[in-house]
Amino acid sequence: MKLGFVSAILPDLELEEVLAFANAEGFDCVELMCWPKGRAERRYAGVTHVDVATLDERGADRVRRLLDEHGVAISGLGYYPNPLAPDPAEAQVYVDHLKAVIRAAQLLGVGQVNTFVGRDWTKTVDAQWPRFLETWRPLVAYAEQHAVRIGIENCPMLFSGDEWPGGKNLATSPAIWRRMFTDIPSPSFGLNFDPSHFVWQHMDYLKPLREFKARIFHVHAKDVRLDPERLDDVGILATPLEFHEPKLPGLGDVSWGRFFSVLSDTGYDGPVCVEVEDRAYEGSLERRQHALRQSLRYLRNFA
Amino acid sequence: MKLGFVSAILPDLELEEVLAFANAEGFDCVELMCWPKGRAERRYAGVTHVDVATLDERGADRVRRLLDEHGVAISGLGYYPNPLAPDPAEAQVYVDHLKAVIRAAQLLGVGQVNTFVGRDWTKTVDAQWPRFLETWRPLVAYAEQHAVRIGIENCPMLFSGDEWPGGKNLATSPAIWRRMFTDIPSPSFGLNFDPSHFVWQHMDYLKPLREFKARIFHVHAKDVRLDPERLDDVGILATPLEFHEPKLPGLGDVSWGRFFSVLSDTGYDGPVCVEVEDRAYEGSLERRQHALRQSLRYLRNFA
Amino acid sequence: MKLGFVSAILPDLELEEVLAFANAEGFDCVELMCWPKGRAERRYAGVTHVDVATLDERGADRVRRLLDEHGVAISGLGYYPNPLAPDPAEAQVYVDHLKAVIRAAQLLGVGQVNTFVGRDWTKTVDAQWPRFLETWRPLVAYAEQHAVRIGIENCPMLFSGDEWPGGKNLATSPAIWRRMFTDIPSPSFGLNFDPSHFVWQHMDYLKPLREFKARIFHVHAKDVRLDPERLDDVGILATPLEFHEPKLPGLGDVSWGRFFSVLSDTGYDGPVCVEVEDRAYEGSLERRQHALRQSLRYLRNFA
Amino acid sequence: MKLGFVSAILPDLELEEVLAFANAEGFDCVELMCWPKGRAERRYAGVTHVDVATLDERGADRVRRLLDEHGVAISGLGYYPNPLAPDPAEAQVYVDHLKAVIRAAQLLGVGQVNTFVGRDWTKTVDAQWPRFLETWRPLVAYAEQHAVRIGIENCPMLFSGDEWPGGKNLATSPAIWRRMFTDIPSPSFGLNFDPSHFVWQHMDYLKPLREFKARIFHVHAKDVRLDPERLDDVGILATPLEFHEPKLPGLGDVSWGRFFSVLSDTGYDGPVCVEVEDRAYEGSLERRQHALRQSLRYLRNFA
Amino acid sequence: MKLGFVSAILPDLELEEVLAFANAEGFDCVELMCWPKGRAERRYAGVTHVDVATLDERGADRVRRLLDEHGVAISGLGYYPNPLAPDPAEAQVYVDHLKAVIRAAQLLGVGQVNTFVGRDWTKTVDAQWPRFLETWRPLVAYAEQHAVRIGIENCPMLFSGDEWPGGKNLATSPAIWRRMFTDIPSPSFGLNFDPSHFVWQHMDYLKPLREFKARIFHVHAKDVRLDPERLDDVGILATPLEFHEPKLPGLGDVSWGRFFSVLSDTGYDGPVCVEVEDRAYEGSLERRQHALRQSLRYLRNFA
Amino acid sequence: MKLGFVSAILPDLELEEVLAFANAEGFDCVELMCWPKGRAERRYAGVTHVDVATLDERGADRVRRLLDEHGVAISGLGYYPNPLAPDPAEAQVYVDHLKAVIRAAQLLGVGQVNTFVGRDWTKTVDAQWPRFLETWRPLVAYAEQHAVRIGIENCPMLFSGDEWPGGKNLATSPAIWRRMFTDIPSPSFGLNFDPSHFVWQHMDYLKPLREFKARIFHVHAKDVRLDPERLDDVGILATPLEFHEPKLPGLGDVSWGRFFSVLSDTGYDGPVCVEVEDRAYEGSLERRQHALRQSLRYLRNFA
């Protein structure tokens, strides 16, 4: 597998600096953030390491040159909006930009775009399924046409009261994935698998590796720590950040040895990108870089 | 402690038959259901073993005579509506009937009424807290005036899509109880504690026994079985009946030995009433009576 | 469910005494042993509470009258030989007697016969599968014709060096059951499920309750205790009695609460018969009767 | 095995009442307390159901007659002082009375006396070993001469600051037992085994059942509940009652199914006497009798 | 955090050699031992990397120059005697030297001194609390005046018969810490936290990280392995080295990932110093240096 | 300890290349495979890094020179045939070659040969014990004469149907080792201990480290992952690869921290050689070299 990181944690660095850092630290690849310039609606969002709105052949050439120079690959382009936001106009803005990211991926020869399917968080899964299909069937077809695979991250996007009750991404569980892939069975439609979300949802993150092995296009290495004392106080009906904490790999409840053990047996040989969302490591650029360095060192035990 | 049962599981029996059955099987007490006649809005609701709307001194005398005859006590009067239903008119109906139940408890010399605080399931806890206080401050005062204690069951009333997302009862966790009892600190306001709801909420059901020992007025003995395989498939964000099953005591995940161990150490000496909501035991009256018999036999190991 | 016992543990009692004991102790039913008279080839074998070789209408009438008198039912007729013994002549003797048991079951109106499929213990499963089919296709057809269901106990019949390496019964695991029921899909062909054998085989005994719910015709309540210190010394490749001990229900590793919990959810409502093979309880008839009494008392907590 | 109880919990009843209660509830036997009249130095001590100081042939006849009448046996005579108390004069008083208990056992034909070896709690084990031998070699010889077996309870007698640091009984662990039985290898010198003390000492209570099976003369069925939260606060160096609670069988951490499973396999067939030291059940004679009744009902699941 | 080590494990190296080693291996800091020259009363004691008795401005300059040269910081000065030794004269010697260490810390601009509060091991905690206050109130005031924080290590100093029964340091548990910090509430009085002592005391080492986060001034990274088989034989009343073994981080029962996870969330950003007391790694200087190297490599996974 | 690897995973490299790789990656030693040239009967067999059939003084000089040049030691010579194969002629070929390996070890001054005792897989242990003694008494004597220690790997050599039922190596468990070392008590006869085989045999791999510490001559670092879902389906009577997967250290169920913790306490200071049999890492030479690199990095956490 290729060990990399998600560039969202380095918003203060230019693309070239990101790649130089990756190279210096021994990362194989980076997932580059492609938010529209100027938008920063929530924590970890709004970072633009590739400005897909303006990317042309020349820009793509420049990016490829930088990659060559630094000996680092792009694992995927990342953009994580809510394409099923209740306001259709807002949702359309996300869909349009997602298409731009897809085109950029083709232009760069990357072949992988990571995102969310989104969710109208005020509605049940069933109630919005027709809309999910309406939005995503054309999007997946669009990706197919551009020879790009879409990896949906399995993040519920439900952390605090802002996203209550339903969260902002439908693709949270094997039960829902089966429905997704049955209704939109394209080989371009798959997962950006992050085991940490399964931990706080109290789900086994190993079984899906086998069942969905043909669908796992990309992997995020994030970790979380469940705090039983806090959970005892509020229960699973509380908003999830009331009872767990996102942490670096090795500082949470994911058993990474077990994870890489089963993942390697499925034949997966793609990117595994560290995603830092550990508030204890976010005080400064230096601290965030340390977080990436420490995470890589830890994961090298298993990959 | 006094072992009893919740009469809702015997809707086909008249009060006298309920008491005769309790006596024959060795139960010490019964929690009698007091729904308004003719209403049966959901499973286990709508049972009327005491018609509080019409109960007068003579009626109360008759009930007391039956209790004496059969050597069985009333552990409490039970009525579990949603006094915070979104529709204020509907909520008022519940509040009015709850007052009637309180008056009946006084008339019968029982001193204990069990219910829910209710919840507007479309809103967050914070959003409806002012309404909770408006509704419940007068109700608790009313109970105080009638020398009746109110035991709020800690059931989230969130099982399937019908109650999504918030459920129909706010009083689900120690964190919320603290807030309730701080804002309405009446000695007449307490809990009807059911450990089973803590199991599927992934909470410790022993710690609260100590912290809230002065608030535990009544106990329900229900059990549930968490099914890890089902949970692995849907996660804790699914509706709860997708991953657990209500069962008889001894057939679920509650450690009853541990539960009675800590409960006895807190000095609790009140009623513990079996609540049957196990679908495998509901096929016939005989089967439901067997469920009560089996549950009592099991619990007698520990109390 | 109906709680009963396997009559093999009371070889010193006549049928009538067995039924009287069952009635006195509160058992609902008994699985009656039907070995040919005079044969006693191994521990717990060779008991004849119904002599099927000589049973005729009159004999059957007598049996039915005794059952009525004592208010006890027959859960099934039991005969557990090795119909796939390496010596074809020996195997044929078993097959012939098994047919007699099937006829007797029809005559008695019981409808249930429990047995083993047997195994040539010197051969792999694959190597003897054709012979298994040759032997069992006609046997199952014969049972169908006589309106009798056959319940195969999932006992590996591998305990000591005598049955090494393969044991004397093929039907040991879900993987093999699937193959059995695919190749012989008759509704008369099912299981006499005993969870204890799954414990020492280190298998989950709950999952199969769901998958094979249509095949579970009869249940044995036996328990075993795995002794980790002994297992540490010899490992799973040793003969199984080197690392475990058959025990009464409640004295082993089966979680009977959990077992009955899932079993009841599958809709199973048939017999659950205590099978005593606990050497600490076999010193005298009194001790063996005590074993049955204690087992029933224990199981009544859960059924 | 024979299920009984320790009579210390019924100080308000006369011997005959104790036996009548035992019979009515279905106990097989009772361990009768034989403290000197008038002494009551600590909780659960000072009870005199047989006054050994004055017992003569006629008295013994009367006791035996009562036993016959009520169909109850004496499992042993019990007297639990500190024969190694720092003050030699005090220790001698205990030794002398212990001899009287031994003589009484012979007179009654009981053959079993239960006690402690005692300990000078201010000294290490090594420092007082010579004194232990000096005291106990003659005592064990005395018991041998009177055809009486001595069962030493494995209670550390260290619960609160009063017995700090060493407790008042040396015989607390397998390591010490081996030394005891090596240095005083008499067949009259053995154990009154109580698994509960092993729980709070964080020791396995099953392994010694096998190693010391020839030494287990008598068994106490007491239970304790370790409270992890309390232990987290004070640690194992605190006095033990700071982190655990004595409870009835079934309300603590002893796995009684497992205990009786291994015990029955060792061939033990002697008395198992419920010892009630659960403060939640001590408020009244009725409550203490209920404790015995409940404990017996619970243990009958396993014996 | 800053990873360092305790210099006691390198008694054969001069200060400069210690710092050169630290630098070469990538340690950020060292806790320097400051025992009086020539004293070596117990294992790991008696090491003098800074001779505080003779340290003057010039000496301090030299030390600071060496630190600069080698790019290594002092995490604290360490001196671990028993200031509450039963002999008041002996205790006074320790107190006097501790004051010298405090002055040296100020002189070096270190601000951190690590030690024990000590204990009269023959007395209970309560019995010596007045003396603790008499000794420590002035000592803490002295530290405040010198702008030095005192970190008390939570080591019970109870390992073998020599320190029986009470050990040589009172500050062993959260319960005692609360009492200490209530009675001496100075901001200069805190902890040198070592999770390993909590493991063998069977206590949670994570909860105190949160409760005492303002008091954790310094951290020791030592590990221990509990040996259940040995504990089964002797129980928690034995001297602790009878049932556990001090080991390097990663070779014991501390979950370092979990430890650093919670520690980082508390905002702790101070030193974490490896303390080697693993006898398997003490055979030679080379071996002990290997122990430090291996421990650092292991801990870098998590910090 | 010395960390090395088993050369069987690098069949495509010449001896010198193997040593160069070992040196470049920081390995201390290598176990060199010594199969006869041209034989490759099963996976991981048939590799010849030292051709013992032709090795003479000059050849040995050359090997030693290469070792010096690359700063790498030979941990042992390895050859793992079945010297108890049912066909005596075949077995003799193995025995003869084993003697050649022993002679080569002496010539090279290595002193350590690793192998299997073999097994006639169609027979029980008892049935072939006399033949085991006949074969191995002379072999061990031969090793003694050549000043070579033989380390028997504890691999059952039972993975798939080919080795059913008994596997191809008797030395699988402590119970059998005791018998081996009692019957052939030579100091030249010991173990090449691999903890992974104990995992899938459901045995404790720590206890034997203590009991057999004088017999552990060499250690293999391989790991395996038990897959509970697969085991649930087939049980322990299936062939072992149906329920487990060989994996790199860190990707399986061995707790390497615990393993090295106890191993270091036994005083073991010999070689620990990574043995790669993880199919996910065998696709290319580069991948297999990566497997060795990753395993070493992981193990360096603990040694």
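For reference, chains read A, B, C, D, E and F in written order, and residue numbers begin at 1 within each chain.
Here is the rule we go by: a residue touches a chain if its C-beta (ideal position, glycine included) is under 8 Å from a C-beta of that chain, and two chains touch if they have at least 3 such contacts.
This one's a predicted model, so the numbers in the text were calculated from it and none came from an experiment.
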item: Any chain that touches chain B and chain A; value: none
item: Contact-graph distance - origin chain C, target chain E; value: 2
item: Separation of chain D from chain B in steps, with touching chains one step apart; value: 1
item: Centroid-based (C-alpha) most distant chain relative to chain B; value: F
item: Chain at maximum distance from chain C, centres defined as averaged CA atoms; value: E
item: Equivalent-chain rotation between chain D and chain C, CA atoms, steps of 5 degrees; value: 120
item: Where chain B and chain C are represented by their mean Cα positions, the distance between them in whole Å; value: 43
item: Distance between the centres, which are taken as Cα means, of chain C and chain A, whole angstrom; value: 54
item: Residues of chain C engaged with two or more neighbouring chains; value: 207, 301
item: Overall pattern in which the protein chains touch one another (line/ring/star/complete/other); value: other
item: Those chain pairs that satisfy the touch definition; value: A-B, A-E, A-F, B-C, B-D, C-D, C-F, D-E, E-F
item: Residue ranges of chain C touching chain B (in the complex, touch as defined); value: 207, 257-258, 260-262, 264-265, 267, 300-303
item: Residues of chain E defined as touching chain D within the complex; value: 124, 126, 156, 158, 161, 164-167, 172-175, 198, 200-204, 207, 228, 231-238
item: Residues of chain B defined as touching chain C within the complex; value: 225, 229, 245, 247, 250-252, 278-281, 294, 297-298, 301
